[in-house]
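Next, two complexes with chain A in common: one pairs it with chain B, the other with chain C.
Now for the complex of A and B:
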């Protein structure tokens, strides 16, 4: 970890379960403030007091968390806990959902993501996204990768575009498999290859942050292993936030892990710590498999 | 325990047999439905084709015609004024009189002159204008027979016997005489495909109505497809969900069910009486049919847009496409086959529509083939309606033939729809 954690009382306490101030909501004891080290001294992105509503229903409650530069942060939690919703708030994908409302402050390099000055299209060029189900466009492999750069005018000549496509596919670990069939439809690839194509498409516009929403949930173990390797490599150049259902995956790929429970961010800690010595009993219950 | 197992297996066996029987029955219902549909189509087509195919032939009579300048009353073939006044039917009469020299009496003569169509004079004029040296010359020509003769000649040898209708025995005799000397012949009815409507069945053609339909449909397609697609895209992709859009949606669905004659009245009140668009022209017909087709196109386009997987939209938004780029690059291309199908169904509907056009004057008797969007015109279904309403026996087969032309148009359009769909569909 490159980032220094903000010293927190909770960290200095001896290992084992701590009992910070709790509040009881619907029979569940939540910590009043996220335990562990949600906040960093220097961060790429920071979220403060984030609430997300779908119409009258609140999906995310007062989330405070930072994401460091070139860090992989994993978000885990039982189904319906709001981790995907939270992820989609980061690049304003939720704008397309009409009833969705996001309050609080989210910043990228200190710029407010939800301010009127921030253009959502420009934001999404900086914060790329990979989705749960591989969703290549029904176009050729080349066009899939070249789509983003073309949109944003990143390449002025064909050769430049070719280079972007090649580097993106190489970084996504797909170049050797795809270089002879660039003009063939992206949907003709296998599931794992499609997902790597989607990653190539996301990194072709050189975003600063990549959001991944359960990128491996539709893939077999071998394809999953490849994607995980890829995430580890990508983390040298990109900041990555990944939502996952698989705790093993979170343990393998991430530096820090955030545990969401029913819309509340319960704990954020170094991944190793979360999986060996969680600070909160809800986290412990989840990782030991008592629910999930 | 074994007993229990056995009875369980038996029960499954017997229920299996029952299920298979039910499945068979279900399949039979399907076959029966399709067979019934096909039978109806076959009956319809046999009826129409058996009645109509004869309209594509036309009876011609061979006569020796003399372009007699004194009978015609002209001195100069190139003088259009003289030509307009010239009595071309006179030389036809003369030719008939010389063929049947023994005919006398006013009534018998009128009957005789009625053997040849009134339109024969125009044929002779056109020939003379094209070949001025024919003046005062004689030539043997095939001339279009009158519709009564046509009907009679076509029915000779049929099971029901020859149809005489209002033909006198004397006329039948003349025709039989001509037939014996091989001076009567069936030829391809070119008039039917090249002429507009006429009071004389033997001169009436479908071209006027077909061109009218074509011009009207071009206007309809040109207006309703872009407007319909734009409305569908707005409603699906950009409009907020609120009471206003709900109201719009309900109204669009209502409009799709409004009887088409109402659209005719609307067109009459708004386009003709308020905006003073001329009556009976393809422009106003196209406008009215646009109103009628729009709901169909909007509804099918919305369904096609809805069917575009949201993951594609997410992917495009995720790499930073603006809402318009999402629509233009991804949603529209993927929805296009569905939208085109809807549009062609709408067009086929418009092609067959009669009621609203009656209200805006496209039911008029129009002889000239329309040459543009602002020429008075009628359309195929209205032409069918007009001919079906005419008393002359010869219009019966014309009606069926017009229906065949209309069906051919429909089949052509539907084939086009299938081809376009196949071509645009992305199966990857």
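Now for the complex of A and C:
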């Protein structure tokens, strides 16, 4: 999939990214606005002027970015740069954090995510999430996958539910390993299998977007490779936003890469471009390992 | 010397031993070129000497305090003339008592048998000699120990290991106190129950349905044989516990869920301690609250509906007991619910579950083993609760499931059996021990089941 990128800045790009008084690295200044191609002509989700605060502390500064249909966008950056916070703002998981406040405009298919009309519960059914640490419920493998479909009434008969479970597990690449032990607890699986179970659980409710928050950081290299393959397959049907600490992973799985630095979105470009010819010095400094 | 004074002297002696051995080790170290040339730190040399000084003499003292009476009394009895030799244990005790009383002056010496007066005289003599002997033995033993501790100080002495071994022994004996106490209580209850079951067959006790423990002291009294069927008592206990759990489990659980999942930090900071204040109210206060406020209220309300309510109803006792147990359940359940990892909540919310769906389908099942364990512990508390039922439940042993009727419980009967003048060879009194044993067995089984349930679910959910 290739989303057409907006190359001329005709799409009006809100300014004000730079906070010149803020600290910077090696004397490199933040760009006036996010460099590269953060905005798309047609997008699945779009974020404009997003600020996120924890109490008095601002974690995200004026982020503007689009996510295209069936695109994998990777978010990279040093620890504490706000990429996870930003991800959790997209499906309003931050609502559960009392002190967290999100401003700006975030839309999914043109609908305002933070409008009072949007039900966060319905939103999260459309924007699924896979977490850093595999968190299967203390239930059987079957019940783990069937959890979402049961909640949302996606199956009226047992056979339908069975089918959803099988398809989801197959798509998550877990069916052959799990089909004989569907009634055993999901917590008894290995770490990598647990994470694939969580992915199966997320796709069982047919979300439109899947958010992944460092899904491989608790896994060994083989399990990681499997998840990465899975992401590539899933991108045919889903829009995926993945936060990762591993630049190699971002390079392997994503179409576009967004580089966050201390709460600012510095650069968004095609992944290949980011890792071969980054536009901004901060991105270059990070991917060449000068900090991070 | 009095025991208290002796203890103070021992303390001073061991402090002296500590300083002497410590400074000796420091002095030895100095000639070698520093403390690091010693095997142990000077503290341990000092402690070793102090232990040698205090421990053996303390043991001797304790042994004397434990065994002096039997030794002295056997001396006394054997010194009595043939005509006065006791024939039974009771007579033996009586004899010792009167000698004791003459010796202390409570019984006048003129009015007593001359042989007993002589015995009292020798009792006083024996006591003072014994005390003097022991004082001398204890003091010399502790001085010897002090000397031994001082002489043995040398850079190669493994003082630390020895001191640590002694301290480990002290820790072990502290742990044993609780275990041996339990064992002792259990054995005494078992023994007395055994005596009870010699008088009353166990089948009658376990399966009998009539409880009226009145025993005649003389054979011509009315109601000369009591009946000891414990079933009505257990029915009453279970009825009241059931009512208590019906109140406490839902209220406790729901307040725990509110506190853990919905309450704002401010609300939680206020509500949780307040709820726990309930647990601090003495049960006797709950008791008169039940007897004086709740029971009359239930009676009036019931009569308003045309129901026959006795003034001491199972309902009143059960309701108040339930209120008493609420904080117990809510605080346990709150802890368990809080222990469910946040990642499970996130996972469920991330799938588009509402908060209540998350609680019902993820958090509650994950917390269930802990909750079940807490509830079972609460049940065994309810069964063993005494003060509320003594004040608010009745004394009449009735087999009924009607909560408006008066019932009695095992604990109430134990109290009434043991209050007042007792003879400890009557089945009436011994029945209290049998009931206690039953109660102990029931709560033990409950606790055992609770632990098993918790373990089983834990295997399933971790």
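Just so we're on the same page, the second predicted complex is superposed on the first by the 270 of 292 C-alpha atoms of A that agree within 3 Å, B and C clash if a C-alpha of one lies under 4 Å from a C-alpha of the other, contacts with A are read in each partner's own complex, and residues count from 1 in each chain.
The criterion applied here is as follows: contacts are C-beta pairs under 8 Å (C-beta built on N, C-alpha and C of every residue); 3 or more make two chains touch, one makes a residue touch a chain.
These figures come from a predicted structure and were not determined experimentally.
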Requested in this report: Superpose on chain A as described above, then tell me if chain B and chain C fit or clash.
Outcome: clash
Report task. Pick one for A:129: touches chain B only (first), chain C only (second), both, or neither. Result -> both
Report task. Please work out whether A:137 is in contact with chain B alone, chain C alone, both, or neither, and reply first, second, both or neither. Result -> both
Report task. Report for A:152: first if it touches chain B alone, second if chain C alone, otherwise both or neither. Result -> both
Query raised in the report: So, A:93: does it touch chain B (first), chain C (second), both, or neither?
Result: both
**Report entry** Superposed model, chain B segment overlapping chain C, candidates 6-14, 78-86, 168-176 or 312-320
**Finding:** 312-320
Report summary line: Shared chain A footprint, chain B vs chain C, residue numbers 91, 93, 96, 98, 121-122, 124-125, 128-129, 131, 133, 135-138, 147-148, 151-152, 185, 187, 198, 201-202, 205
Query - Complex contacts: residues of chain A adjacent to chain C - result: 91, 93, 96, 98, 121-126, 128-129, 131, 133, 135-139, 147-148, 151-152, 185, 187, 198, 201-202, 205
Query - Of all residues in chain C, those that touch chain A in their complex - result: 264-265, 341, 343-354, 357, 361-362, 365-366, 460-462
Query raised in the report: Tell me, which parts of chain A touch chain B in their complex?
Result: 91, 93, 96, 98, 121-122, 124-125, 128-131, 133, 135-138, 147-148, 151-152, 185, 187-188, 198, 201-202, 204-205
Report summary line: Listed in rising order, chain B residues that touch chain A in their complex are 240-241, 309, 311-322, 325, 329-330, 334, 426, 428
